[in-house]
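Have a look at the structure that comes next, please.
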Amino acid sequence: MQQRIGVGLIGTGYMGKCHALAWNSVRPVFGDGPKPRLVHLAEVDANIAARRADEFGFERSTGDWRQLIADPEVEVVSITTPNAFHADMAVAALEAGKHVWCEKPMAVTLDDAERMEAAAWASGKVAVLGYNYIQGPMVRLIGDLLAAGRIGRVNHVRLEMDEDFMADPGAPFGLKSLAESGYGAIDDFGVHPLSLLQVLLGPVRRVMAHLSKPYAERPVQSGGRRAVETHDVASILFEMDNEVSGVMALSRTAWGRKGRIALQIFGSAGTIVFDQERFNEVQIYEAGEGATAGFRTVLAGPQHPPYDRFIPAPGHGLGFNDLKIIECHELLRAIRGEPARVIDFTTGLAIERTVHAMAQSHRESRWVEV
Amino acid sequence: MQQRIGVGLIGTGYMGKCHALAWNSVRPVFGDGPKPRLVHLAEVDANIAARRADEFGFERSTGDWRQLIADPEVEVVSITTPNAFHADMAVAALEAGKHVWCEKPMAVTLDDAERMEAAAWASGKVAVLGYNYIQGPMVRLIGDLLAAGRIGRVNHVRLEMDEDFMADPGAPFGLKSLAESGYGAIDDFGVHPLSLLQVLLGPVRRVMAHLSKPYAERPVQSGGRRAVETHDVASILFEMDNEVSGVMALSRTAWGRKGRIALQIFGSAGTIVFDQERFNEVQIYEAGEGATAGFRTVLAGPQHPPYDRFIPAPGHGLGFNDLKIIECHELLRAIRGEPARVIDFTTGLAIERTVHAMAQSHRESRWVEV
Amino acid sequence: MQQRIGVGLIGTGYMGKCHALAWNSVRPVFGDGPKPRLVHLAEVDANIAARRADEFGFERSTGDWRQLIADPEVEVVSITTPNAFHADMAVAALEAGKHVWCEKPMAVTLDDAERMEAAAWASGKVAVLGYNYIQGPMVRLIGDLLAAGRIGRVNHVRLEMDEDFMADPGAPFGLKSLAESGYGAIDDFGVHPLSLLQVLLGPVRRVMAHLSKPYAERPVQSGGRRAVETHDVASILFEMDNEVSGVMALSRTAWGRKGRIALQIFGSAGTIVFDQERFNEVQIYEAGEGATAGFRTVLAGPQHPPYDRFIPAPGHGLGFNDLKIIECHELLRAIRGEPARVIDFTTGLAIERTVHAMAQSHRESRWVEV
Amino acid sequence: MQQRIGVGLIGTGYMGKCHALAWNSVRPVFGDGPKPRLVHLAEVDANIAARRADEFGFERSTGDWRQLIADPEVEVVSITTPNAFHADMAVAALEAGKHVWCEKPMAVTLDDAERMEAAAWASGKVAVLGYNYIQGPMVRLIGDLLAAGRIGRVNHVRLEMDEDFMADPGAPFGLKSLAESGYGAIDDFGVHPLSLLQVLLGPVRRVMAHLSKPYAERPVQSGGRRAVETHDVASILFEMDNEVSGVMALSRTAWGRKGRIALQIFGSAGTIVFDQERFNEVQIYEAGEGATAGFRTVLAGPQHPPYDRFIPAPGHGLGFNDLKIIECHELLRAIRGEPARVIDFTTGLAIERTVHAMAQSHRESRWVEV
């Protein structure tokens, strides 16, 4: 009687496990929609695939992702492999008539991203990207407040995204320092604040970027040192369609920052401040409150959907993995044809174009239109 | 080939859903232990039971909890009903040879709590209480730091637990204002900070309590007003076995506090500060750091087990429901006979005795030994 | 043409310098009132007295405080000597027809405090105590908010005062560990939160105190160890006249706390939170703000008098010494017969009685009426 | 016997009063150096000049600043008039053989600033600018930490300066919206973060600026609206000599920000974070602290000179006006030929050149070398 949906998952690393958890929890949390049936799990190593399938609750597993895509019982495919594989997998899945849930960023090259977006259009299937930070209840609240004009007309925005996993200059040269992994901070990180910008305030019109290498070289495990090819730090000026000016700073070498995505939105009647490291909180300042004006620290609670689906009491806190459950629920809504809060491949492509414009701006030392 | 464990769940409210989520996620998160098989779900209304069983992934359901306990495939029973029902259900489950996972507080009366504890001893089964706050990675870190002597010998402790769900004086008279629901803040709330004290610093030796009623009366839905029988606010002095003095303040009428459990531990070489509203953080001050001495705000990360089982990257944040997943995992460890971080019925009874000592202290206006 | 007032200052330590700074700045800051003429400065060592008089801008100096009191040009006497000297000096000054500005606490013994208060009444002169923390603009704002009913009817209060200058167990035995210095935390510190309570919410009616010694002994400089006679830590329950319950915690051994005086005031319509370590801020939560309810962090500015007398721009911050300038201005207002925000000897005596009631409560292990 | 120094003060507004307070307090606070003799005060309106002279403690007053400069008893001149007057006054004072203490920014035009700097060189007198934020004890601590390599080699810096006095779009068109007042945020505000950069990390090498007008027009008091000529918001990329990249954001229309000057300095071994709104604190993160790594919040205390000259106890807090007292003391040190922490006219000119380079960069939409 109840509807079910067959799920395939490719990849079982950080994000693979995160998707698996979401697929397990989405129905107990939300209590609606089709019941996910965890059908097929793919991982390069077939043994690991089998073990993870058992842990994650998948019915079968494979060492060959094409088998998963060929599985007729799989209706939606989670892609959580390294970025360079996204395009081939997503395109294959879409061509096989599956919905696709692909981790961000879309792809390393703009060509690949364009190919993915074209395949999505051609397939008529739902194809969304794993931009989980847009799903937080407080990010939704920010969107609601902006829409309601609570801080008036926005005129200036500041974004920062910082972590410190590349901050140690003595850490060995790795994949992320290779040009083939991408540009560095702007694609590895920049896409996240860009996804927030997109959802909250719309597209970026032009950018002026400055990329830098805090450490010109890194030690190679086998001895010696190797020149770093990517830029761990980026500073960007930008303009948006709606006359909003902005500044963005990104760093993978920011000691002490662990998951910071800081947002400051200034409007004609107030200011909103947010930091993903405390994503169950948002700060809002509203003009006109006299002697008791101040930034109000709002704690997430059931009045901030969909927090209420997780916990009925306020201030108890959602976790990072919960954001993925919300995202999974939005994906299911999109599949059912309902309005959904997702970044589809078309919007995702716009984000990619912004990143490539940043890279071009840095190379040519000038403003570049997106 | 793999081991399974049959789960029964009684109650589908706030905590019932929380247990269901934990049972669904514990294996994908931890990847070890027996695979929970969600066998039987009980709820007063059989229709709701059926619907929730479908949502939560249970195989069958019932409107009669005794059927669930009689189910031979159920090996462990989650009890998440109102406190007054805990004793009968827990005792029945234990007598039927099931392990029991019962929400806190144990029971409304000390008699009931003692009956539960005796049943646990008699059964030889695992019987633990749902004190989830002891499971947070930063609470574990606090324990590790104390054990390592990082703040020296502890001499003074302050605890606060505050929410505001009873803060509105215009909110109608409800169950929590009736004496039959218990004393008020000390049992509804006090058990949580007591569970933290117990785990981190040991048992309370004697207490001096002052209970108060911020609102002597509350409006009755049908008109008129009714005298409040419970104490929404409590202030307590206490001494611990190890010469530690302390103060505890509890309020269900603390406007603006949503899930605050604040802890300050002072030692001869430093101080630790924690607040559950930001439970992915802890603050530590260590003596002897010269001109840069200060409280360090530590963000939870994979170096703070079992955070790493949820997310490999630091600073991304666990959620309240994740604490229950950890608790579920500890329960499974206890069932397997492994050392586990749980509050069993014996320790739970000690906490209950402390609460009843507080009530007595208030009545008799004197220090009471626990 | 302009009115002048002759000032005498006894003591040139921490508070002596603080008074000297206030006397130098009060007129440039406020631009009103009599012009202080710094006439006479007394210090035990006449040479130091002369040097400080030169630095602080006093006309003459003495090694004998009685000479200062005998000086006909001195109209008001600042007393900043150790507590044990307050009574003799204040009584002598009052009997000589001088106004008195005496540092807190009033005296070590209740007898002395009573003697001082009687002398004040007999003299008809202005006699106020140096409770500077009541002068902060945000403490005034709290008073205004309470008076305006912004958080409704207050029902519960928590106070903490903590510093760490006695926190090192290896620090040598000193004056503050001797019984002749007083009780310990309750008189050394407790008077400050009591002054805030008094000004904001009125007098304390009864207390239940528990005092403790984190370190039973301290090393003596000459070798060996000596039993500590005072209590560095105190935990107190209290009730106020207006049915407000409260809890107070005090520590001179709280590592990491440098000047913390934390205040939480809970009312039927909101909550106010303050910490002296960030005394240019106050937090207020007001019920009824819907999805954006939260604690508002208000920064001191010119809308919070008398901040505007110091700086016309908001958020720039007053300092600790500025509080003394405000206090000096209030003293001058009192001398001119204007309504003034001061703690006079009568109110100061009530605070002393509360401290002694705490000590008695601890000794007798029972509630004591003030 | 003791040395005195004759002081003249031009201007009695916000900064005039601040200078007056500093001249009154510098000796009582520091207890060394020459004793300032407050000789002459000038203000456009002679009556106001007389009144303020009385309040501030100056011996005589004038409505004509040239008389003050001609006064042979004046040895050092404080200039606190609107920026457009700085050049004429400073040059006249220097030519008359006086030392000069001039408020920031130097001047509206680069020509004027150059003229001032030339006059300083020609005079051989001390000429310093009122960059008070460099004087905070925590800013000094930052400098010490950087010098000691505590965060390794700096590679990236972020600066923000925000206030909200222009944030109301309904506020009438005023002087600060006129082109003759300067560029807007970059000179009105930008000079402050630039002064911190200069003192902590050295000069800026090149800039890429984007200026914007949040409100294109403002209402005119007499009716109608007028086009705004200055830029209230600025976003700037910059590079420093030492391979440090940076980003700076400035806003006079940032609702809720009152005196924010936020600084984030990222190095190869740690991070330092500072905000002027809480200038008695600094945050430092140091790599290599394991499971308890975190940002340490350091409270200003006597271990952070010259805090100890104001208050012997830590955590009690300096105020904004205290920074000016420190600055005054540094000026006196410079006059005595001692090493001093000041921004002299030469360094000030470098800051001005940076601001003008920003304006040019915006106009020409390209990177500009300073």
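The first chain written gets the first letter, and so on, giving A, B, C and D; residue counts start at 1 in each chain.
Rule of thumb we're sticking to: a residue touches a chain if its C-beta (ideal position, glycine included) is under 8 Å from a C-beta of that chain, and two chains touch if they have at least 3 such contacts.
The model shown is predicted, which means the values in this text are computed figures rather than measured ones.
Common partners of chain A and chain B, by the touch rule above, are C, D. Separating the CA-averaged centres of chain A and chain C is a span of 53 Å. Centres computed as Cα averages put chain B at a distance of 41 Å from chain C. Across the assembly, chain B contributes 257, 293-295, 299 as residues in contact with two or more other chains. If touching chains are joined by edges, the resulting network of the protein chains shown connects every chain directly with every other.
Listing the residues of chain C that touch chain D in their complex gives 2, 14, 17-18, 20-21, 24-25, 27-29, 31, 35, 52, 54-57, 163, 165, 257-260, 277-280, 299, 301, 310-322.
The residues of chain C lying in touch with chain A in their complex are 141, 144-145, 150, 283-284, 289-299, 303-304. Contact residues of chain B toward chain C in the complex are 151-152, 155-156, 158, 160, 167-169, 208, 210, 212, 214-215, 233, 235-237, 239, 245-247, 249, 251, 253-257, 266-271, 285-287, 293-295, 365-367.
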